[in-house]
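Each chain carries a letter (A, B, C, D, E and F) given by its place in the written order, and its residues are counted from 1.
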Amino acid sequence: MRVDGRAKDQLRSVHFDMNFVKHPEGSVLITVGDTKVICNASIEDRVPPFMRGSGKGWISAEYSMLPRATEQRNIRESSKGKVSGRTMEIQRLIGRALRAVVTLEQLGERTIWIDCDVIQADGGTRTASITGAFVAMTIAVAKLYQEKKISTFPITDYLAAISVGIDPELGEILDLNYIEDSKAHVDMNVVMTGAGHFVELQGTGEESTFSRKQLNTLLEIAENGIKELCLLQKTALAEHADLIGKRE
Amino acid sequence: MRVDGRAKDQLRSVHFDMNFVKHPEGSVLITVGDTKVICNASIEDRVPPFMRGSGKGWISAEYSMLPRATEQRNIRESSKGKVSGRTMEIQRLIGRALRAVVTLEQLGERTIWIDCDVIQADGGTRTASITGAFVAMTIAVAKLYQEKKISTFPITDYLAAISVGIDPELGEILDLNYIEDSKAHVDMNVVMTGAGHFVELQGTGEESTFSRKQLNTLLEIAENGIKELCLLQKTALAEHADLIGKRE
Amino acid sequence: MRVDGRAKDQLRSVHFDMNFVKHPEGSVLITVGDTKVICNASIEDRVPPFMRGSGKGWISAEYSMLPRATEQRNIRESSKGKVSGRTMEIQRLIGRALRAVVTLEQLGERTIWIDCDVIQADGGTRTASITGAFVAMTIAVAKLYQEKKISTFPITDYLAAISVGIDPELGEILDLNYIEDSKAHVDMNVVMTGAGHFVELQGTGEESTFSRKQLNTLLEIAENGIKELCLLQKTALAEHADLIGKRE
Amino acid sequence: MRVDGRAKDQLRSVHFDMNFVKHPEGSVLITVGDTKVICNASIEDRVPPFMRGSGKGWISAEYSMLPRATEQRNIRESSKGKVSGRTMEIQRLIGRALRAVVTLEQLGERTIWIDCDVIQADGGTRTASITGAFVAMTIAVAKLYQEKKISTFPITDYLAAISVGIDPELGEILDLNYIEDSKAHVDMNVVMTGAGHFVELQGTGEESTFSRKQLNTLLEIAENGIKELCLLQKTALAEHADLIGKRE
Amino acid sequence: MRVDGRAKDQLRSVHFDMNFVKHPEGSVLITVGDTKVICNASIEDRVPPFMRGSGKGWISAEYSMLPRATEQRNIRESSKGKVSGRTMEIQRLIGRALRAVVTLEQLGERTIWIDCDVIQADGGTRTASITGAFVAMTIAVAKLYQEKKISTFPITDYLAAISVGIDPELGEILDLNYIEDSKAHVDMNVVMTGAGHFVELQGTGEESTFSRKQLNTLLEIAENGIKELCLLQKTALAEHADLIGKRE
Amino acid sequence: MRVDGRAKDQLRSVHFDMNFVKHPEGSVLITVGDTKVICNASIEDRVPPFMRGSGKGWISAEYSMLPRATEQRNIRESSKGKVSGRTMEIQRLIGRALRAVVTLEQLGERTIWIDCDVIQADGGTRTASITGAFVAMTIAVAKLYQEKKISTFPITDYLAAISVGIDPELGEILDLNYIEDSKAHVDMNVVMTGAGHFVELQGTGEESTFSRKQLNTLLEIAENGIKELCLLQKTALAEHADLIGKRE
């Protein structure tokens, strides 16, 4: 049995607190078990230098943890004066994942800034960030569309992420919490669209390896988890649901 | 009339969400109008190098804003690679203020880390941080006391902070929100104990000045505001209320 | 009796070495007891980005200590690669204070850079910096006026600063030297105009508190000290004295 | 046809210049087509602080490109004063991959530093780095073993890496050069052991997605490519070949 | 006898691997005994801000060592986040030396970036860098000339550098390797043109001094060494040899 | 004629203000024409990590300019967050030069920190720093000797530095001021002992070269200038003059 009584292919309970912070164009607090991430989306009316004049928009993500989101207090990256490799990896991943379901030409020369701030961590913060960021981004983009600043809704599909891993006793499991993550031999993060296509696949056997057969099982339970997450996103985003993937 | 209908000497509504985050020894979300700050207190069993061997404890504070706590998105200080002068001023102020009501010898060689993370800003974030941090710190110190790691409860009095200012039309007002703060000729932050003693007084006439008479009015309305805040702290901390200031 | 034989409300001897360094538009070495600060004012014909196009000028200050201005050698901030919180607080204070007596619109889009470099420290370096910087700034602005680059003299009043504090034995005292400052329970810096209006008030009870009555005494002796400093500035600036505060 | 005439599942020519630099314990220049990486392995007789006293060794990797390894000159990371997110991702990947085939307990409290310096880049620098680093590490560890500083040879299997991707016209291809990489819809890096187990799998559909079927094809051609690379490693390491994976 | 059997005024063997890296406009690997430096020259069609509008070009150099170019592994400057004083001195020296033989007006508003990356170090890396950089720069400039982007060949003479020093037993010696350099009382680097004029002279008696007579001997053996190096450069650059110093 | 009427081999007027700052163990303000440098020497009772346990002392120098020491205001290196290459070169030079006349074994495990802070610059700041630093260091070391913390006076000779250069019209000149320095084709700094031995020789032909004959003339006028400076040091240090170079 899993430490919190779940089935091997069962998600933790997931909740979206819509419009959690008042200033951002899109804001949501995503809760996945005991993991809580504030996901804010901000629209800026210009793009980074390398995109200027391209006619295309951009999506850039930043990720951070409060120092005491974790069991042990971490030193703030602002105090250290530099962002860790782990943080950089995660924020590059979030941005890349979201860009896969947005037609950047239809955004115009705008940047969507995604800020994922983990206020409480219990495993799966990067996948919760992606799943929540999609919701915040959709709210923000829907505002642009309602204000007629863009004529086509550029989000082409739902997007969610989940972790899977191999537990030394239980084998392949879905949505690992911190205790499970610490013990797992293999850790994999999967990002998929509502239509079931892969966007990112990152599997690591830290001081371990995994077989093709194990990979197949991991991908199956991940796919089911992501389907469930996309349904929850659809419910949370009910008023914008018909816009997503609508192509004129 | 004030922009939000308050009387000149009226606080905004204040609320403490106790135990907001699960990991820290003390955690509270303080809400003052639309300003929201997560205040976490962490206990570390050692002190900074300059205090080692002194037999005394230390209290150190860090302050940060989520990038989109404000109307305009701010660049993260971790991305800039350095902490701004404003942030440094505020975190030095928070630490200094809390140390004024803690007998550091009674803490033993421990550090209390205070993390104030503003998730939504509408003026008065530094004073809300102090008022909330006092509550988080008290919860954390009460745990130490209950676990008998310290034999005397070292917090000697309540401590709260509030801003006052001079509005170009209304004159002296209490607890300025962001709009009021932007227009004010004079901005003053007052930190006081439950017994009504000053701990910090910082008044600034940015591109302006103020008279002794105006100062007196400002101090009076601040004192009343702080009394009210200390009562609210007492209610929120009800179970620990008899410990504060108790001297054997 | 005070450690150097002064009365409780007595300033240390104050001296201005005018035109101390040859290159700056305004330069003075201020000596307050054993505290010595080189104050240089430089005029730059443009303003920081956030002021461009505003038609207004700006005043920006930087503060530093030689490594061996103090009893113990300090590591250079350039070697550490960052400016300390204390330095940032002081340089923000100096700039803010000076801006309170300058009509920035009359400066035109120019920046006055104030550099305060402490070559010998014995307490009160930030207040000596402000008092000296006012003199250096006035010399520099007078040059602009004499060269007819500005048509109205934009400095509206004298400006000086002094520290006051509460000595554990003597009570409220004026202009603390380093030994007194180390022992003081309360430390307050007051910045005032020649007309006796407050510009800044920063009082701190480090690990201590102070009452309203003590505050009143501190403010009175500070006010007298500042009056005296403004007279000394007037003498030093004799040739420009009729320009200050002159309004067409 | 591919731009350089290769079959879709064909590697570029691969060469190992053994003992390329004289000082390191292990050194090899790996050439994969026009990609050239100097891989040096250094043995240090201590481990990072977080490993001290564990009795286990550690493997840490650093990766860098000469400024003109690429078509356009890149600014040096030392001049910028910080390491990019891309570099951090790659060096974390290299270290993690190598650790999967080394029994760290058998290394003793030693660190193997892997330095991968790209002197010429034409796609696939991170996978070439891993493949070359394995060879450099093996030479260095063999020295430790020959000098009897370790009693069991701790490397358990061969390890190599390759990129696969989806070309918009050709579909799934192996070992992308820079031109192919720039056009590819999907980019995947695969790290595998000589026994055919996965160590890392990182697939990204930058502004695109991929199906389960495409994933399967990618994994098949990657697996064959890695088998071939491990044979080339075995030839290059002929004198140590019987040590790898030998368990007493 | 010298440690490697050379005469006191004998160079180590010197070799130029032309076009060592494929992307740069000019590239050479210089080998001087066991010292190996990749020298790349890149042409950029703009100059640094302080040169803009001057009509003149600029030459800027960067120098780095691979971490394991030396007997002991050095920490990467990119990881430390800053460039050492030694590196800065060397790169300033390389740039300054090359600028002495280039008529910058004839380059037009272009920057030649010189990158000297030491892959193996055995003494004399800065002088080898200069000698090799001259060759790389000449190849790059010859391309500009052949492409008719510049109408006059701006390189006015050959340029090479060598170290000389005073060995405690042998006295004045030429081209010190690492062992010799470690023991030498005096260390001098000489940069000269093909015509025998001095460009730079840097002599240091670390914890020692030297007489005028010793200086004279050092300069004589340096001059002969540099003549020899310029002949080797001429051979390596045979196809461009008639361009150097040709004045219309 | 030179711009200030001096003969080609004539020093500017030189003055030492002894004990300029009160806290350091040794302090002097050196004035060379319009160049003014505060030179402070501090004794620290330990050495840098790389010297620990060696039984030897160390001398480390730092150099800085006030922002407005020059005609144009320079940005502070502490604000930029890094020390420039020029500053590093100068401070390495000062330390190296002083170490040549101190028997480090006789210092014991102590560091002498030399701080050279230029308050007004008119050419020759690095050579004035060395000449002044020697005086400050001697005062500090004499204190150690008088307090019997060291039994042998470790300073073996006087040490001074001067610049020479080649003026396009006047030829070889001594002690260049800023205007002369800006025009000079060749710039050379010479550091010599009282006995006339070279310690450092740094000659640079920025965008120019120089012949052996010119070098000889430069060295002759430098030698005479340094003799004169050492006499002035001897007069300023009269009370310690018999200690220097005294060997038991």
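What we mean here is this: a residue touches a chain if its C-beta (ideal position, glycine included) is under 8 Å from a C-beta of that chain, and two chains touch if they have at least 3 such contacts.
As the structure is a prediction and not an experimental result, all values here were calculated from the model.
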Touching both chain C and chain F (chains): none
Path length in the contact graph (chain B to chain F, fewest steps): 2
Greatest separation from chain F - chain, by CA centre: A
Distance from chain E to chain B - Cα centre to Cα centre, in angstrom: 60
Cα-centroid distance, chain B relative to chain C, in whole angstrom: 29
Whole-Å gap between the CA centroids of chain A and chain B: 34
Residues within chain D bordering two or more other chains: 81-82
Order of the ring members, counted from chain A so that chain D is second: A, D, E, F, C, B
For the chain C and chain B complex, residues of the former touching the latter: 82-86, 88-89, 91-92, 96, 99-100, 104, 188, 193, 197-212, 215, 219
Residues of chain E defined as touching chain D within the complex: 21-24, 27, 34, 38, 40, 42, 44, 62, 64, 66-71, 73, 76-83, 87, 113, 115, 117, 119-120
